[in-house]
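A single structure is presented below for examination.
Chain IDs A, B and C follow the sequence of writing; residue 1 opens each chain.
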Amino acid sequence: MAQPIKMPQLGSDMTEGTLLNWLKNVGDQISSGDIIAEIETDKATVEVPSEVSGTILELIGKPGDTLTVGSVIGYAGEPGEQPPSGGADQAAQDNGAAPAQQEAQPAVETAQAEPAPQAAQPAAAAAPETADGNLPDGVKASPIARRIARERGIDLRQVKGTGPNGRITRADVENFTPEAAPAAAAGVAIPAATYGEIPSGPDVEIIDTSRLRSRIAQRMVQSKQQVPHFYVTTEVDVEAMLNLRKQLNASVTDDAQKVTVNDLIVKATALALRQYPNLNSHFYGDKIVRHKRINIGIAVALEGGGLINVVAKDADKTALGTLAAQNKEMIARAREGKVKPDDVQGSTFTVSNLGGFDVDVFQAIVNPPEAGILAVGTAKKVPVVNEDGTIGVGHRMKLTVSVDHRVSDGAEGAEFLQALKALIENPMRLVL
Amino acid sequence: MATQKVKVDKARLLDWYRQIVLIREFEDRCDELYREKKITGVYLHLYSGHEATGVGAVAALQEHDHVITAYRDHGIALARGVDPNPLMAEMMGKRTGVSGGKGGSMHLASREHNFWGGYAIVGGHLPLAAGIALESRYNNKDAVVLCFLGDGATNNGYFHEAVNLSAVWDLPVVWLIENNLYGMGTPVEVASGQPELHKRAIAYGIKDAGRVDGQNVVEVYEAASEAVEYARKNGPVLLEAITFRYKGHGVSDRAYSERVEELAQWQARDPIIVTREILTGRFKNVEAELDKIDAEVKTIIDRAVEYAENSPAPTYEDLIRNVYVEDANG
Amino acid sequence: MAEKNLPMREALRAALHEEMVRDERVFVMGEEVGAWQGTHRVTRGFLEEFGPKRVRDTPISEMAIAGAAVGAAMAGLRPVAEIMTINFAFLAFDALINHAAKIHYMFNGQFRVPMVLRAATGWGNQATATHSHTPEPVFAHFPGLYVAMPSTPADAKGMLKAAIRDDNPVLFSEVIALYPKPGPVPDDPDFLIPIGKSDIKREGDDVTIVTIGRGVEWSLQAAESLAKEGIECEVIDLRWLRPLDMEPVIESFKKTNRCVVVEECLPHFSLGSEIAAQIQEKAFDYMDAPVKRVSAMDVPLPYARDIELMALPDTQKVINAVKEVL
């Protein structure tokens, strides 16, 4: 019996990806977990593991096609068996997958065109649900309402629900009239078009905005437009922490085990979040989801531009050496463009460290729906006033936390920083 | 009981001998096939040791009488004249089995032989026997139901309710307890306040036909004949046959090593030996005939095994058929 | 054909009477069916009319009542056995499930078991934990057995006659509270309601109420009341728990997109569970709301009237449930 190979979700907010290469061919024998393709997602190039075993009967899509999460990208079964799809085109259509959709919706890719008119092209209109059948955040709709919306190309985010708990019902969808310009609802447009015509000629080089760049652009616009940021900065004495790091690293021979300043900051941040769990939350409008696990996203700058968050899971509970080794591996994978899905999922709070670039202080942009992000400056030797009034040399670093004001207030941000400062200045707690 | 002897001629005795060795051979072959995994499943309750009881009692019936039993049913089916081929096919779960491969060892039946089946819930078939007997009374027939049950079945509620119902409704049932002294591993004396099981009859006000030696086919036949005729004329009667089971409760059960000595004593009075002795004692130069029967029986069972092995397995159609009666308006 | 207005007990009596007159093989057996005239008076006058051969009082022996009915049915009679209340049918469970329901299959069609086991069901007036069961879904779990549960006198008559004439075993559950309730009943001696045929007791576009037995009454009352608020309920009386007539339910659901299941039974692995499961399997894309269940509470029934009633479904609970799915 032929089994479908489905496009897995390779990141918490990933909905689709662009096929770079098939790594297997029709006729190849695969086992569950074998890597069958490389795709580029919003965040990185990711390897796609198969969830089924068997002989590959069919691979659907060619390099450059957009594959939606959950769509059937191939079939595996017994050698010689006929795939049930009756050919790739049919399957692609059945799954609402790539080629057709891409053509119908150039707006998404280049952000030039006007938003696609709703309801005019039912077959090609953007499914308001994500491809795996999940509704967008905060939207509730009954199965029949979802089906009708799908058929008519109605974006459920625009429909007001009148059912129990605000659920969108069949009647709500049937009675819905789309607004004239639902541009904001799409939430994907990058405001490039508003700057007028794109310059051309010998003086400029035109570069296509990469998926990653587009994604960053969208997210940051969304954050800056919607998230009311506030910022709190403090200076911490890092002498003890740097000494501790020196001692720790002197005691290990394996480079993989060596601890970076950033590892120590991540650990300290996680422990401080334990004391201020409200900052370890995600914001969903009328609900704030407080996470019990503390997973610290670490912003990694990529060569050639862009950045990606790898996630140190349970950073508060993971031993420092383990944490350091894991971070090292994830960061290396990120820089090679080979992150694993798990590397980039589940962040509850982010640390952005520009300490390597000789910066005093900077403010990072919150990565929604997270409630906060810590910006880490360079540790510097500076003149300090000692307790006895004399002037001496101290080792100082500036930390700035950016917080979503919808979740928290200035005082909590400041208290959190104080707690973080105390941990860094008494760093033995980081290794206990 | 057993005071008035019924005349048994040589042909009948030879026929009973043939049935006894047929059952033994069938059961021995089942045991082998089970070990060879040609008969599978968890349940296979062999009749070895009980043959004289089954053959003697069934011989007391007329064709229009009825037989029903529990799950140790192979021997009863053979004694009632059911063809060994479809019986063996049923053991192997074949489409040609008496129950189409859907009943298995415990659920053999043959409507045309008035053999109403083997039933696997201890005591569960007792009220069925009462119901079948009711039909005989209801329609003024003189058919009798011979209901075999084990000693173990006398202790559950079905026994009480069914025997009592047969009493108050005067039903023509012969309740025949095959007392093989153990209910699985539990001795009768441990399980029954009154281990002389035939005495249970007294409590229900029905005829107590006493105990009979279940190893002696002639004695069983004589006692059963009286009981059957009593039931036909009057109503329910309870008869107890003492016998012994040679194998485990089922083939997948432990053999009873602690019973080795007891088993040897019983095997010295094996139904085959006892029947041979009766025949050789009464008739001259009968050994050759008996040996010939032994050989014939082997051939019959060989053929049955071959038939079963060459039979097709049931299909998906069989799986879903007969859940309900299809032409359901009687 | 003419009709008579009869309470359900009389409709059942008429059905039994007609079938006994029609077919010599049909007889009744059970506790107090004869001399006592039937615990629920369904066999009133039968002993005098048909005599002790066909109207058979039994000892208090539920295992044997059910088991002997199986045997008699196998042998060619058409027993209508009565278990005084379904609470005692648990004693007959083995005969019914391991024997009646299995014999046709197990012996590959060699035997038929054309029996009906009648049992009075439902909670009574403070009958307490052991005498207040409505356990039909338990019996409906098993293939090989049919389970009937009429809600009106006419249905009771047509269904019982169909059950008696059918060659399969049928558990025929009669709701005690409905015995005295009258309704029009056809006189036609061949009036039959086919096995497994449901009935739309009221049409409506807004919510599908799926119910059986006593639930029909509550559902119709609720529908009446809701109609005044402009909410139109379609009330489907399944009539049989097995075979389960799902097609009209699915059809109705595709129209209303909402469903409330109303039953007197307990909620755990109940009619509601089954209907909800089948709706999501067969009509997921038509759902506008989760399927709502109205059933007895998941407790044994107590003696005290105040709390007994709390545990049981009623019209108001149906109304509330309908509003919850709108």
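Keep in mind that, in the parts below, a residue touches a chain if its C-beta (ideal position, glycine included) is under 8 Å from a C-beta of that chain, and two chains touch if they have at least 3 such contacts.
Computed from a prediction, not measured in an experiment: that's the story for all the values here.
Counting steps between touching chains, the shortest path from chain A to chain B takes 2. For the pairs B-C and A-C, the count of C-beta pairs in contact is higher at B-C.
Chain centres defined as mean CA positions place C nearest to the mean of all protein CA atoms. Separating the CA-averaged centres of chain A and chain B is a span of 75 Å.
With centres taken as mean Cα positions, chain C sits 40 Å from chain B.
Once the centre of each chain is set as its mean CA position, chain A and chain C turn out to be 57 Å apart. Partner chain A is touched in their complex by these residues of chain C: 257, 284-289, 324-326.
Residues 142-147, 163-164, 167, 169-170 of chain A are the ones touching chain C in the complex. Interface of chain C with chain B (complex): residues 27, 53, 56, 58-59, 61-79, 94-95, 98-99, 103-112, 114, 143-144, 146, 165-168, 195. The touching residues of chain B, counted against chain C in their complex, run 66, 97-103, 107, 109-111, 116-117, 119, 121, 124-136, 138-139, 157-158, 161-162, 164-165, 168-169, 318, 321-325, 327-330.
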